[in-house]
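The structures come next, written out as structure tokens.
The following pair of complexes shares a single chain, chain A, combined with chain B in the former and chain C in the latter.
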Partner chain A sequence: MSFNPAILTDNWAAILDGMVLTIVIWAAGTVIGLAVGLLVAIGQLFTNRWVAAPLTLYVAVMRGTPFLIQLFVIYYGGPFFGLDLSPLTAGIAGLGFYGGGYFAEIFRAGFLSVPPGQIEAARMMGMSRFQIIRHVQLPQMLVIILPALANMTVLLSKETAVLSVITVNELTSVIQSIGSTTFAFAETLLFLAVVYWAFLEIVTAAARRLEKRVGRFTLRGQH
Partner chain B sequence: MFDTAIIIKSLPMLLGASVWTVIYSLTSVAIGFCIGTLICAMGLSRSGVGRAVAAFYVSFFRGVPLLVQLLISYYCLPLIGLNVPSSVAAVGTLALCTGAYLAEILRGGFLGIPPGLIEAARMVGLSRAQILTRIEVPLAVRLTLPALVNETTMMVKASSLISVVGVLELTRLAQNIATSTFQPLEIYLTAGAIYFVINGAITFLASLLERSFRVEKAA
Partner chain C sequence: MSEQPIIDVRGVWKRFGTVEVLRGIDLAIRKSEVACIIGPSGSGKSTLLRCIAFLEAYSEGEIYIEGELLGYMLDGGKRIPASDSEVARVRRNVGFVFQQFNLWPHMTALENVAAPLRLARGIPREDAAGRARRMLEKVGLAHRAEAYPSQLSGGQQQRVGIARALAMEPHIMLFDEPTSALDPELVGEVLQVMRDLASEGMTMVVVTHEMGFAAQVADKVLFIDHGKIAAAGSPHEVFRRDENPRLRQFLQNYFDRNVFWQNAGEAGIG
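Up next, the complex of A and B:
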């Protein structure tokens, strides 16, 4: 088995593009996922049951079915609804809605962690539902759920690799096509593993640091 | 128009393939459990080398996307002269990956066992291996059952990725049917529903198991 690192340096521009796209997909998917998750959690907790029940089903389906199948439904099934999405758009939307299901559970737990007495007090002072969420619940719960949010965000970065299956040109896809044209599978795939591994380690370490910083704001034994 | 006829027609085939999904994912969890126990025991041991190996293992298999691990085993094993069937390579990779997650889960369980129990077991003359298999593992499983079940359902979902390396299971068959009938929406929704039911069944069975554990504890 020969090992020729020149295959990587020769295709450096394409690899770099793939890395950038992977990070863009990750960032976009996370932002959509957080927005979807927050809205779903609010819908589940603060509206009537006709809104809450379908949202609960949505969360269960996102968490109970494979991400790959969800991608296929959006990408190949989209045209059925007149949604002719590009692989990239379908992939980002898929990642966002998948992540949204998990983020919703985290936000829901967060909302429930704020003592009900505070909400009653806020309502007595005449704050609206939106004001209570914005000024009372969110600031307190974000500190509590930050580790879980960070953890899920890190997990989503690994899921971006699955987008290669619907032909999104992210890092895994780029490396795979270099591998299959040069037959240098060992060089390309091991490089790919090391890149993801290093990336995950860095992101995880950053998340830990952030948790530690924010941890100062939690008041232990307060409630 | 949404075609229910194609769903009814392909359902028997999809259900047949879902049996493979269940077999592949449960086999990998079973093997992964043994790997996880071993890695966990190494991580908690006094040996510095053991702890380093365990930390490296967990960090690697949790840090690299499963799809990339599957691609490595599929393309690179033949390069080092290992020509195993793709299904074996895929299940092996799933097992290695879930082993890392299970090791982390079991770690919490092992640490939750009162040290007095281990000391008592040592006093009555049980060997280290006996203590591990008869005392520590059963107790750790009981303490971490919800997380273990969650990991099992994660593996059922993750097994869909082995379709990418050409192993025939639910997702792969759904792909084949979808491309030959040009009705991807119906087929993929059906496949998704089957995964949903499998995971629902696993969660339900686990809740029964959990209840039986609780009764024993009360007695």
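Up next, the complex of A and C:
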């Protein structure tokens, strides 16, 4: 048995479908994760402890338990609580809320990085809590937390593979089934690794470009 | 003109845990008055100013801004904390200038002044930019409108900070050690802007170590020590006549510095 890349081209349609689904799951999970993370961080920092305490527990659970287990709980445990989701919906929601726990910690650190004096100045100028977040804190903290956000996004791209265990036909699932029917494990698994690595390079390059754009004012050097 | 003070501080206490920073402050400032607050570090002078802006919640007593209770509401004789928007409403005519400037580093000088006009006052973009430009002109910085704070000197940054506060057309300006973070040669330009403001009739409360400024510009000087107003009066009364030993000791430190220069002059150094 020899190395035969033709296995991949023979199954290109199935592989392409898997890759598209992986990207959809990844993109949707990241968007949900960012939104959840931002809201959770705001809830933790700028409301009262009755809101903050459960949010902190949520973050601890997301970060403290394996994604695989969380996915099982949502998909197989969900129906016991009247939550009957399709594999894809459960997978995307699971990935979003898992990522949200980590994104929340990144945003929280970002909010705390803006000097309190700048927020006092904005309050004295009569700006609302929301305006201060939107116009004073977010633009500055994004520069600082962008590398951490990009890093988490890359991690999420790899976590999409876990969705194969709840029968979502994303890339890893497709490749596994090709591998087990053709026994061409070397070709398929190597290809799989290269694709996830490509995701990393794309995200990293995009983040660099974004950093340059949003970082204009810091590049000029702070006093 | 009414006799009602524009700032009325009555029996104000401020505690941080068990530490009593302000211990019963009474203070009335009238319209167009300039009051300078002096005192040793840790005496509570900055805390008092921050309480007048409600950047710190005071523990006891009352502060009235233009006749309205600041920071609290009376609910059937019981005092409850006011909402953020109520606090913002009562202090809408109060401008604050910080020791550390606290400009927003991601905005140009012009945007620092214009953004709050748009956001907090809902003034259209063009009008806000126009007013911001006039304010920068007033503090002598029209030519630096497009510069970011990191490209400005400390003195220029502080003048932008003053322009930003003035753009809201405040009735009261509070200054918290506005020149303490500046290199000595940059202090003058900021004090000049404040002098101009005082001569235009702005009501000002200034926490400062600039005794010369206090002596020349203030209507009233307050010496705070251990959380209490230990001496108060006209600059002449406080600087020349007051017999409070703590005040004499405090002022002596400033005189000693000047004596150095006089002696240096005699010795042919200065």
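FYI, the second predicted complex is superposed on the first by the 206 of 223 C-alpha atoms of A that agree within 3 Å, B and C clash if a C-alpha of one lies under 4 Å from a C-alpha of the other, contacts with A are read in each partner's own complex, and residues count from 1 in each chain.
Going forward, a residue touches a chain if its C-beta (ideal position, glycine included) is under 8 Å from a C-beta of that chain, and two chains touch if they have at least 3 such contacts.
Remember, it's a predicted structure, so these values are computed and weren't measured experimentally.
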| item | value |
| --- | --- |
| Which of chain B and chain C A:139 touches, first, second, both or neither | second |
| Comparing the two partners chain B and chain C, which touches a greater set of residues in chain A | B |
| First, second, both or neither for A:72, with chain B first and chain C second | first |
| Which of chain B and chain C A:49 touches, first, second, both or neither | neither |
| First, second, both or neither for A:115, with chain B first and chain C second | second |
| Which of chain B and chain C A:123 touches, first, second, both or neither | second |
| Which superposed partner A:176 touches (first chain B, second chain C, both, neither) | first |
| Which superposed partner A:131 touches (first chain B, second chain C, both, neither) | second |
| Interface residues of chain A shared between complexes with chain B and chain C | none |
| Chain C residues touching chain A - in the complex, by the definition given at the top | 53, 55, 84-85, 88, 91-92, 94-96, 98, 100, 102-106, 115-116, 119-121, 148-151, 154, 161, 164-165, 168 |
| Complex contact set, residues of chain A against chain B | 1, 60-61, 64-70, 72-73, 76-77, 80, 158-162, 164-165, 172, 176, 179, 185-186, 189-190, 192-193, 196-197, 200-201, 204 |
| In the complex, chain A residues that touch chain C | 115, 117-118, 120-129, 131, 135-136, 139-140, 217-218, 220-223 |
| Chain A-touching residues of chain B, taken from the complex the two chains share | 2, 59-60, 62-69, 71-72, 75-76, 79-80, 153, 157-161, 163-164, 171, 174-175, 178, 184-185, 188-189, 191-192, 195-196, 199-200 |
